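Both of the next two complexes hold subunit A, though its partner changes from subunit B to subunit C.
Moving on to the complex of A and B:
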C-alpha cells in the first residue's frame, strides 16, 4: 500500500516537473550541447561543417585579440560589480522608508533599468562625446580640454563601466529593498534600546541580515557583466584598437562578421566555463563560511 | 453574458473568412532607414528627399501602379547582413535585398545568391546598360549577381570659405595638394590662417575612414592589395607611406581626432575644419546648408574627388545593388521581381538625387543629372572607380580588422610597421579559415 502510494507520488512529481524539464532541455540543454559540438568543427552559418577537433580552442589560446577581450571583460566586471553593489546598497538604505519622496526616488532610480541598451548608449553618447557632449561642454566652460572618453584606450573601459552602473542600478536596489523589508523591526528596536550607533546597527544587524541578498546580487551581476555586449558594441565598437572589446563582442564579430561559427562557438564555451566557474566559486566561498558557522 | 461571448466568437471566426489576397507577393528587404511616418503614403517621387524618402516613395509608386503585385517591405537596420544570414540559414530569405557590392562575393561564393543575368535580360535590363563601376560591382566569376543601384565613393567635401582664408582658392576653385608633402604644407598653412584643422575625419567608431584612405592611395600607387583570394599584402612601402602621412596629420593636430561620424558631420556643418573626406551621400545635406543664409557653409561648399597624392588618379568605390537570395520561386513571382527591378532601373535618376552616382550609363548623360549640384565634378568616378577584386570575400570584416590596426597606427598607439604587420596577419588568418 505504502509502496504503491510512493510510486504514485513519484509519478505525479515527474508529471509536474516534466513540462519544465522538457522546455529546459529544448531551449537550454540542447543548444548547449549543440554549441559544444560546433566548437569542434570548422563551420559557417549555412551548414558547412568539418570536424577539426580542438583546433578552434588551440587558435583561441594563441589569438591576442581574444586574450585582450578576456582581459577587458574581467576588468569591466571588476569595475562594475563592486561599485554597483555598494551604490545599490546605499541607495536602498536611503530609500527604505515609507514616505512619498522615497517612493518617487525609488521610481526614478529604477527607471534607467527599463530603457533598452540603444537608448542608454544614446544618452551616454550625448554625455561623453568629446566634441559636443555634456562633459565636454562643462570642461570647456572650466577652461579645460575635453577628454576623449570614447576614443582613448585608457578611458573607454571606465566609460563603459559608468554607463553600465547607471543602467543596472534598478534591479539590485529592488533586491536590497526586498531584503531590508525582511529584517524584523524588533531587532532594530532592541538595538535602539541598547543605544547602538548607526554604524554599529548597520554593521551588526543590517549587513548580516542582507548576506544572502548581497550574495545573490554579486553572483547575478558578475554573470551578467561577464556577458556585457550592447554597450561595447554601440558606444565604442570595441575600440580603439580593441581596447574595449568584450568576449561577447568578440564572439559576435567572429560569428556574424567572419562567419566563423566554430571558432565563435569555442569562444562561447570558454565564456560559459568562466561564468560557471566564477559563479560556483562565489557560491562555494559563501556556503563554506555559512557551514563553518 | 453568454450571448455576448458567442457573438464575439462568431465575429472572430468570421473575420478569417475575408477574401484571400491572391496577388503575387514579393518580399523586398532594404536598409537606408525607416521613414514611414513621413513617406509612408507618398508616391510623388520627384518631391521625395534623402535615401529613405526616395526609395520608400519609389516603392509606394510601384505598388500604386502595379496593383496585381503585393510588395511586402522589410526594413532592416544598416547593414542588415546578420539578419539576412539568419533568414538564409532558416530557409526563409526575402526575394530581393539591398546589398553592398563589396559583400556580394561572400554570399555568391557560398552559392546563396541566384545569378540574375537571365531575369534582368527578361526585364529588358542588359549588363551593357550598367556603368563600368556598376558592372564591376555585380559581375562575379563572369556572371551577373545583382542589379547595381548606384556607385558610392569617398570625396573631399570642402569649406571654400575657410580655404579662401588660408589662401587655398584660385579662380574660385579650391586648390588641392598633388603630393603628401604638399598636403602637409597646405594643412599647416590652413591651421595657421584659420586656427582650425585642415581635415575633419571621423576616426572614432569608423574603420572605413582609414581603410578608405589606405585603399584609395594603394590603388593610386598601383599596389596589389590582394594577390589572391587568401592573402592580403600590407607590409609594403606604399602602405607605410600612406599611414605615415595620416599619422603626421594627427600628430600635428592638422586633423580632428576624437570625432565619430555624427561629430565630424556637425563639425563640418559648423565650419570647424577645411575638408571632410566622406561619402557621396553627404552632398545633399551639405548642399542644403550651402544654400541656407546664415549657415557657416553658406555659399562656401565644393566637392572634389580625392586628390592625386601618389601615382595616378584613383578612387576606391563601392555601391549598392539589388540581389536575389537563392530559393524556390514560381514563374509569376520571378516575373513580379523582374517588373519591380525594371521599375527601379527606370527611377535610377531619382535615386541619384541623394548624392550617389548612377549605376546606369544613360543617367550619366541626362541633362537633369548633369544639372544636379557638383555631379559634373564627380561623375567620372562612375567610370574610373575601382573596387577590390571579385574574389575577395569578407570585405566588411577585413575592413574592420584593418581599420582597427590603422586606428592604432594613426593615433600613435602602435608603430606603423607593427600595425601593418598585425593587420596583414589578422586578415590572412581570417582568409585562411574561410570555408
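Moving on to the complex of A and C:
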C-alpha cells in the first residue's frame, strides 16, 4: 500500500484486522490476563475473592501432589515426543510414494487423529484392561499373567504414552509427508549418479531437507504433550494415587474438585511459563545452530 | 573408436510409446546434441543412458560393455541436470566431493580435483557457499564442476543453458565449447535450441515423433535434411515447402511445376524420384530473391517485411495462396502489399516426396 493513501488507508486496514483482533482479545488475551490476576487471589467458583499476593505460588512450591504432577508431565512428554517423532518420520518415509496401497495406509494412519479422546481411551481400555483386554487375552494364550497396565504405578505412565503416541501420529506424519514432497526429485537422481547409498541419502539429503519440519513437529508436540489431560483423566484418572496425574489434571482437580480457583490459576500460570520457556529454548537452540552453519 | 552405442532402444509410458527402436553410435570424444521439439523423448533417452529410466527393450553399451543393467552410479557417466539439482544443504565443495567420497576416492585426490575444477570454472572463491547463496549462472558452473570432478567417460547435459538469461547463455555456450576441449570424454547435450546444437555439436541427432529423424554434422543437416520435418525444424526462418509436380522430360535433373504454374529447374537427380505422386519443393529463404515484377520465376504479393539490418526477410503469397519466404538486401525497398517477382535459385532447391523423404541437389561436380 502506498503512503499517499494516508489516514483513510490506515483506518480501512484496522477495519480488516478488527474482527480478528476482537476475537483474539476476547478468547486469548482477556483469559490470559484474568488467569494471572486470579492466581494472586483466594477465589472460589461462587465469586468470593481475596488478594493473597504470592501465597498460591508459595503453596505450590511445597505441595508434593503438584511436584508429582510436574514430574509425571515431563516424564510423559519425554516418553511421547521422541518416539512419536521417530515413528512418524519412519512411517512418512514408508508412505511417501504414489501407490494406491500407500494412499490407503496414509488414510488409516491419519484416521486415529480424527477420533475424540473419549473414543481413543475406550479403544485402549479394550486393549489394556487386565481382566478382558486384548493384551490380557494374548498373554493368557501365551500362558503368562496379564499385566495390570491401568492400575500398577509403574505401568500407567507407559500405557498413557503408548495411547497418546497412537492417537497423535497422524498429524506429524502429514507434516513429514508434506516436507518430503517439497524435496525436488532430481536431487535424489543426482545422488543416485553420485553412488549415494540409501543410508547416506537419508542422512545427507532427506534429513537435512526435513530439518524445519522436524523442528516444527518437535516444538508442536512438546507444547501439546505438556498439556496432556483427557487420556490421563479417562484411562487412569491420574491414579493409582497420583502416579499418572499430569499438570492439567492437577489444575482440573483443584479448580473443579476443590473449587480453589486461585490455586488452580497459579498452577496454570506455572504450566504456561514452562511451555513458553521450553518452546523458546528449543527455538533458540535450533536457530543458534542454524546461524553457525 | 565407438564409445557409446544405443541399440534399438524402446520405451513406453503406459500406452504411449516415447522411443521406438532408437539406435545410435558415438565416438569417444564426440560432442553430440539431441535436438528436437519438446516432448520428443530427448530427456527420456538421456535418462535411459544415465540409468535413471529403464528402457523396455534394447541395449546401452559404453566402451563395448553393456551398462543398461548397471546402477546409475556405476556407469561412469556424469549428468548436469536442467535445474542443476545441487544438494541445497551442502556447500559447493561438499556438493562436488559427495560423489567422490562415495566412490572412495582418496581425500587428497578429491581436494586436488575440486581445486582444479574450481579454477577452470572460476568458482574458487565460492567453494564454501551454499547453492542458495549463488546466482543461476554460478549454480550452473557448480553443476558442471560436480560432473567434471568425477572424470567420467561421458557427460550428459539436459538443456544446460535453458535456465540462463540470453547474455549468460551465449557466454556459457562459448565456455562449454572450450571446456569440451579439456575433458577426455564424450558429451551428449539435450537441447531444443538449434543455435546451441549447431555451434557446439560435432553431430546433431534430430528427434521427433518417437524416432531419430537424422544424424549428421550441423551443415549436413542444414544442407541435406533427410526429410521434410528436419527441413522445417532446422533453420530460421524455416525452409519454405510448397506443393510441386514433376514435369515429364529427358534431362538428368528434375524439373517441377509449382501450384501457380511456374516451373523450377532443380539439380535434384530425376532418377531417385517417384515417377508420379505429389512432391514438395523446399526453398531456403536465401535461395529465393525478390525481383522486379515480371522478371522472376514467379509472381507474389508481399504479406510482411522483416528488416533485420544486414538482410530483409520478405514473406510473400503466390497466386495459388501458398506462402514463400524470400531474402533481400538489408536496404530493401520492398513494402507490404507490393507485387513482386521471385527469382528461385533452382540449384539450391530440395524436393521431398510423398512420405517426406528429402532429395537434394547433386554435389557440384
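The working rule: the second predicted complex is superposed on the first by the 274 of 293 C-alpha atoms of A that agree within 3 Å, B and C clash if a C-alpha of one lies under 4 Å from a C-alpha of the other, contacts with A are read in each partner's own complex, and residues count from 1 in each chain.
We take it that a residue touches a chain if its C-beta (ideal position, glycine included) is under 8 Å from a C-beta of that chain, and two chains touch if they have at least 3 such contacts.
All of these numbers come straight from a predicted model, not from anything done at the bench.
In the three-chain model built by superposing on subunit A, subunit B and subunit C fit together without any clash.
Legend: residue contacts after superposition of the two complexes on their common chain; A:65 is shown touching subunit B, with no touch to subunit C.
In the superposed model, A:239 makes contact with subunit B only, not with subunit C. Within the superposed three-chain model, A:197 lies in touch with subunit C and out of touch with subunit B [touch as defined at top]. Once the two complexes are overlaid on the shared chain, A:259 sits against subunit B while remaining clear of subunit C.
Touch criterion met: A:44 reaches subunit B, while subunit C stays clear of it.
With both complexes superposed, B is the one of subunit B and subunit C in contact with more subunit A residues. For the overlaid pair of complexes, the smallest distance between C-alpha atoms of subunit B and those of subunit C rounds to 46 Å.
Within the complex formed with subunit C, the residues of subunit A that make contact are 184, 186-187, 189-197, 200, 204-205, 208-209, 211.
By the touch rule above, subunit C contacts subunit A in their complex via residues 50-52, 71-74, 77-79, 81-83, 85-90, 98-99, 102-103, 146.
Those residues of subunit A that touch subunit B in the shared complex are 42-48, 50, 65, 129-132, 146, 148, 150-153, 236-242, 253, 256-260, 263.
Residue ranges of subunit B in contact with subunit A, taken from their complex: 81-82, 85-86, 88-89, 106, 110, 112, 203-205, 256-260, 263, 266-267, 394, 396-397, 400, 404-405, 407-408, 411, 413-414, 426, 430, 433-435.
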